[in-house]
Amino acid sequence: MTNLWMDIKHADVITVMGGNAAEAHPCGFKWVVEAKAHNNAKLIVVDPRFTRTASVADLYCPIRQGTDIAFLSGVAKYLLDNDKIQHRYVAAYSNAAFVVKEGYDFSEGLFSGYSEDKRDYDKTTWDYEMGPDGFAVVDETMQHPRCVLNLLKKHIAIYTPEMVERICGSPKETFLKVCELMASTASTDRTMASLYALGWTQHSKGSQNIRSMCIVQTLLGNIGQLGGGMQALRGHSNIQGLTDLGLMSNLIPGYLNIPIEKDENYADYISKRQFKPLRPGQMSYWQNYNKFFVSFQKVMWGEHATKENDWAFDYLPKLDVPTYDVLRGFELAKQGKMTGYVIQGFNPLMTFPNRAKMTEAFSRMKFIVVMDPLQTETARFWENHGEYNDVDSSKIQTEVFELPTTLFAEEEGSLANSSRWLQWHWKAQEPPGECRPDIEIMSAIHLRIKALYKRDGGAYADPIVNLNWNYADPESPTPVELARELNGYTVAPITDASGTTIPAGRQVDGFAQLKDDGSTACGCWIYSGCYTEKGNIMARRDNTDPGNKGIAPNWTFAWPANRRILYNRASCDPEGKPWSEKKKIIEWNGKQWVGFDVPDYGVTTPPEKNVGPFILNQEGVARLWTRGLMRDGPFPTHYEPFESPMANIPFPKMKGNPASRIFKGDLADLGTSAEFPYAATSYRLTEHFHQWTKHSRINAILQPEMFVEISEQLAKEKGIAKGDWVRVWSKRGSLKAKAVVTKRIKPLMCDGKAVHVVGLPQHWGFIGKTRNGWHPNTLTPVVGDANTETPEYKAWLVNIEATTPPNDRVA
Amino acid sequence: MNVQVSRRGLLKGIGVGLAGGSLGALGFGALEPAMAAAVRPFKLAQMKETRNTCPYCSVACGVILYSLGDNSKNSKSAVMHVEGDPDHPVNRGTLCPKGSSLLDFITSETRTKYPMHREPGSSEFKRVSWDFALDRIAMLLKEDRDKNFIAKNGDLTVNRWTTVGFLGASATSSETAWCTYKVVRSMGALTFDNQARV
Amino acid sequence: MADYSSLDIRQKSASTETPPAIRRQQEVAKLIDVSKCIGCKACQSACEEWNDLRDDVGINVGVYDNPHDLTAKSWTLMRFTEYENAETNNLEWLIRKDGCMHCTDPGCLKACPSPGAIVQYSNGIVDFVEDHCIGCGYCVKGCPFNIPRISKTDNKAYKCTLCSDRVAVGQAPACAKACPTGSIMFGTKEAMIEQANDRVVDLKSRGFDKAGLYDPAGVGGTHVMYVLHHADKPQLYAGLPNDPKISPLVAFWKGGAKVMGLATMGFAALAGFFHYVTAGPNEVEAEEEEEAIDMKERGARRRDGGEIRPS
Amino acid sequence: MTIHTDVRDGEPHPPLREVKAETPEIMYVPRYSGLQRVNHWVTAILFTLLALSGLAMFTPYLFSLTGLFGGGAATRAIHPWFGVALVVSFALLFLKFWRLNIPNKDDVAWSMKIGDVVTNREDRLPELGKYNAGQKGVFWGQTVLIGVMFVSGLMIWEQYFYEYTTIETQRWALLAHSLAAIGAIAIIVVHIYAGIWVRGTGRAMMRGNVTGGWAYRHHRKWLRQITGDKPAAGAKPVEKHGP
């Protein structure tokens, strides 16, 4: 989230699209209801299903899953055609006026530089035109045919309301109502908050879905504003934290990158990543990339990371492919190229696409280790559970460990929520049986391996034996010790900006104090400030909220630098005055930036300097156009899902996202609309949380059994009645569930053809208190977003028919 | 902070209750036999309160865990009730159907309690000791790392290990995640991911 | 035990003595704003958790409602209704939290034959005292909202207590505290009515001209009230009674019939007594004994009579 | 042939004639067999238990009666079972006696003279068979009311039959059950009183027989029938001697 949960109460319009906030985030959704009740806000819901969010919406618009880009491009077109944009904002705070290099082109759904066999682009033509001064060329008048705004207009010209209706199945009148309502926030005193979640990310063009709304929000001048912003509602309690901390194949904590093979050494690596401003005087955190990186190396390998050995640059693995994400991981496993998997609090068997493939992948591994507070299907993938898990144990040669771990009530530590708050929690009880904290388990594994290497030696042991592990009790580092590492500390005395010297061994106050000379160590620069000499900032519980802004600045710690609303400089006009008094966050008082939140800007940088407010970007402004950042194009483009009930209307040649990676076997596993006529989608219900709450009696009572949702029309066609058993199958598998026949799903009229939606919630399995059931991953295709490899769980094809109960349910 | 206030409120409640009690003792209570039986005693009066965060979605609602035992040596604490934290700026004491039933998650019958081990081809889990499990896991990891670690690709130093995958848990604390990160990366592992996508 | 409760009794079922009535507490109420409800079932969850209830794990019958009905172990329940509004052509998903309404004039209490098994506190809460419950099920017949349920386990009646244990110590009911969207509010009845009026204004501004407060006079008002978008058609919300009142049958049975019955029986007894003292006993005279014997003999003479046998 | 006779005092039997001269001899007419008597009293006891437990649940003023049955819940639980037992026991009575209770024209005549009935003017009443209209009334009244209570009772038997009827039906049942009970109890009060008022009736249910005189006075037709006597042509009721 660029803003925070409470901030939503300031919104004048709230759009929930690509998500179902009321069901997935009920307690955060309260702030939407608050905005409606006390800020007279209007709630728009765009969704294939009339969800529980829609039940309290002012305006509901149906849409076929996987067509969000067409819809939002249509909105952007409406805004530009009807001059409903916040002009000064767009001019000053977006790259609308930037001029793009000669040679950029877009035709028949492909951008310039596409290579069919690589399924990838050569992005050189997607850059800005560079001036002699080494900065990007800008045409303030926005007359230049190649300036971003004009390219955008051209790019989205095809998305007329009629085209939107043909592609999305959203009735034209409703679509226009949505446009009008959104357009109403183009004024400086009205803002729209966009709430989205996996309804946008779980597509083969997930990132571009989000980009589309970013473009709309930028045109409306809603980013960095109170009650505005892009609110990514993260799915899990600490998924924000795990991403921040880089628990991914290609990341180092704080969104630094794992080097790739071509990065020969430290200098080379840094030179490719060091920030180069695209506009004169532009500032950014990334200017300090080297400081963050060196401090990270120091915290990892302490005295073993020295200037001489390039800060132990070689201790880090180098990537030969963009990512070793889960899709690749299990593809390799299926090919028998993986030896084992260590799985911490995760249930991949019932999560990753194509259950059959997952079972095969697990069966081909030598061992798997599952660490979890709950019994998971994954840990028992080899156990026969009738039709729910029909395997022959004797044929599965995988060695399996199930290690019991503590859960939240039995340990302390911090979680990072969607608002980027690091909240500390405390231990309430001893764990049952022999459960151990994950920290102790990981430590034990590390210490044992280290001991083995010390004793017997082996492949490149240095990074292991030299790993910085000086905890009071090496067997069990305390969360406090680890938090202190994340915050960072001085290794040698340093002098900070104010000139004061800080002795060695002190906690740093924030990332501003980090150095690239090895005198500081820091696990995650964006977390710096969470555990200073003042103590555990994450444990702060002062909920006072000056100005009733919904900011509560002294509640725990928010990264970066306790800033609650990102890009908040954009809440003021170029002169530093708030666009709207009512929505004031910060302002320039002549000497410095002051207000209710920590300024996302140089505190003393005067407005006259014209430093862009989006200081995470090299341009310093919001990007309507992205240079090399996105793998699948500088602008979002409508592509159909890989399994789609219809062809791509504007670009008939396109099948799926041309830049998405898809493995051969998985390509062969795609079905056609001839065999599988219905558009399926998967989602959460508010009564459950993934497959965790099926272990909880009360939640089992509230939603006991798997079902699929279909329209009355489809039910009639198929002779299915409420509560009947139905079989749903795709090219990859088949499952049984109860039928919920509802008015809340209606056939969508797309290009004159009725598209039936089949909805599958995802909360059941063969262990726990709920009735036995399947997970939609039995049916889903293995293809991910071109940029993040997030699987396409939200749009694929199935067929459906009435059937008999599973054996264990035969009366 | 309002929780203090609310606690005071609670104490006041108890005060009133005790007053009522003594009235009862004086015989006034006898006039209303039904009342005494009707209202269940407020069960949280003396329970230990622990601040925590709901482990489910990313709203990260504040919760208060009410547990048996006051940390005195001879009482084993056990969570008896979970309720929203009224101080928390986001949830302000509210909880969703999942948060409201966290107690059943904590006390779930299908929680793992002991290290279990399944041998190749076997159709059942067997309980094993922690030492057995950890020694064997460390051995398996090292064995494969030594076998499949790639130090160089041509003349490029790559120092990577990709044949054992690691998955991080989205509900573990950042401190746990950091510990995991250190352990995994120090081995040069690259097949490393988390739940961000699901 | 006289516990933490600071609640005074206003009414007791089947009670021959009236509870002390000099203390008056402010009436409390729960306001359920259906227009804010997202049907998340947090209230159901919180209710089961707080009250230490665990209902059976059921099955799906093709709707979102689970459990399918109130039970002795499910004291509150979301009821989902898909309503296509003909006037606006909009689909409306009407979701109502069902449960005890805590009537000012409670039919259950009126019908209950067991002294003190159902009480009404002076703050308006109507509570079942299972200790005193005899399991006759009269409360079920007395309730205009079909709320009480008799447990198959212990044959006692159960329903929402409005968390009297929490209210007694100044806390809101578990469902109200949990409700993520503030669709359930709790406070003095006065405050809740005020809140409701604000909401009605907002709803009317959003095109729900018939929005209003549901606080049915037929039962003297309730301590659980609804804000409805269609206050003119409560029936829409999963059969919420348009004009609930205690059934005349129950009213007569508990009122007229009682008096009449006792009177009739008493009268019969008295009538007998006074008849006896006036008309005196009806005795057989000696002649009649002889007549009987003569009759016997005549009969015997007429035919070689056989034995006299009882017929 | 023998005549059943008896001497008030316990003297040994003197020859008939002499005796006849001295003391009036009394003839006894059997009215109920032992089994019938047992059946009647079983019914009577069950009726009493039902009345007590029923009334306890009918009005708070009588709730304390539940004490007799071990408390409210126990009373609630046992009452319906008493009911079932009573229905069985009464059914036997019914099968035995329904024929004799079919109304006839004498009952009409008798009912017309109800004034003489209550003033003990038997002499003005028509000769009657085994039962008079009053007794038949009791019989049919209870038959109907017990039937009503049985059916309505099942409907409100929460523990077993809750699901089979709607709550509205159960409300009707509850009312019907109470009203029927009131009626039944009232009738029984009359029935018992009649037993006290009309002397010599009690022994019919205690000993199984009545005196000839009782039969002659109250059920002469029945007596004729069992003695095989015929009324004298145009025979008028015997003049009553004395006041």
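Observations on the structure shown:
Labels for the chains are A, B, C and D, by order of writing; each one numbers its residues from 1.
Just so it is clear, contacts are C-beta pairs under 8 Å (C-beta built on N, C-alpha and C of every residue); 3 or more make two chains touch, one makes a residue touch a chain.
Quantities reported herein were computed from a predicted structural model and do not represent experimental measurements.
Relative to the centroid of every protein C-alpha atom shown, the closest chain centre, again from C-alpha atoms, is found for B. Put simply, the C-alpha centre of chain A and that of chain C have 52 angstrom between them. Chain centres here are Cα averages; for chain B and chain C they lie 41 Å apart. Chain centres here are Cα means. That of chain A falls 88 Å from that of chain D. In terms of their C-alpha centroids, the spacing between chain B and chain D amounts to 75 Å. Multi-chain contact residues of chain A (touching two or more other chains) are listed as 26-27, 30, 686-687, 697-699, 702, 769.
For chain B, residues that reach two or more other chains under the stated contact definition are 91, 94-101, 104. Chain contacts: chain C has residues 40-42, 44-45, 48-49, 117, 132, 180, 182 touching two or more partner chains. Chain pairs recorded as touching, per the definition above, are A-B, A-C, B-C, C-D. On chain D, the positions that touch chain C within their shared complex are 1, 3-4, 24-27, 29-33, 56-61, 63, 66, 71-73, 75-77, 118-120, 122, 130, 156, 158-159, 162, 167-168, 170-172, 174-175, 178-179, 181-183, 185-186, 189-190, 193, 196-200, 208-209, 211-217, 222-230, 238, 241. Taken together, the chain C residues at the contact with chain B in this complex read 1-9, 12, 19-20, 40-42, 44-46, 48-50, 116-117, 119, 121, 127-129, 131-132, 161, 164-166, 168-171, 174, 177-180, 182. Every residue of chain A that touches chain C in the complex is listed here, in rising order: 22-23, 26-27, 29-30, 33-34, 36-37, 40, 50, 52-56, 58, 60, 686-687, 697-707, 721-724, 738-744, 769-771. Note for the complex: chain B touches chain C at residues 6, 9-10, 12-14, 16-18, 20-21, 23-25, 29, 31-43, 45, 81-84, 91, 93-101, 103-104. Taken together, the chain C residues at the contact with chain D in this complex read 14-16, 113-115, 117, 132-138, 140-141, 146, 150, 155, 247, 249-250, 252-253, 257-258, 260-262, 264-265, 267-269, 272, 275-276, 279-293, 295-300, 302-305, 308-311.
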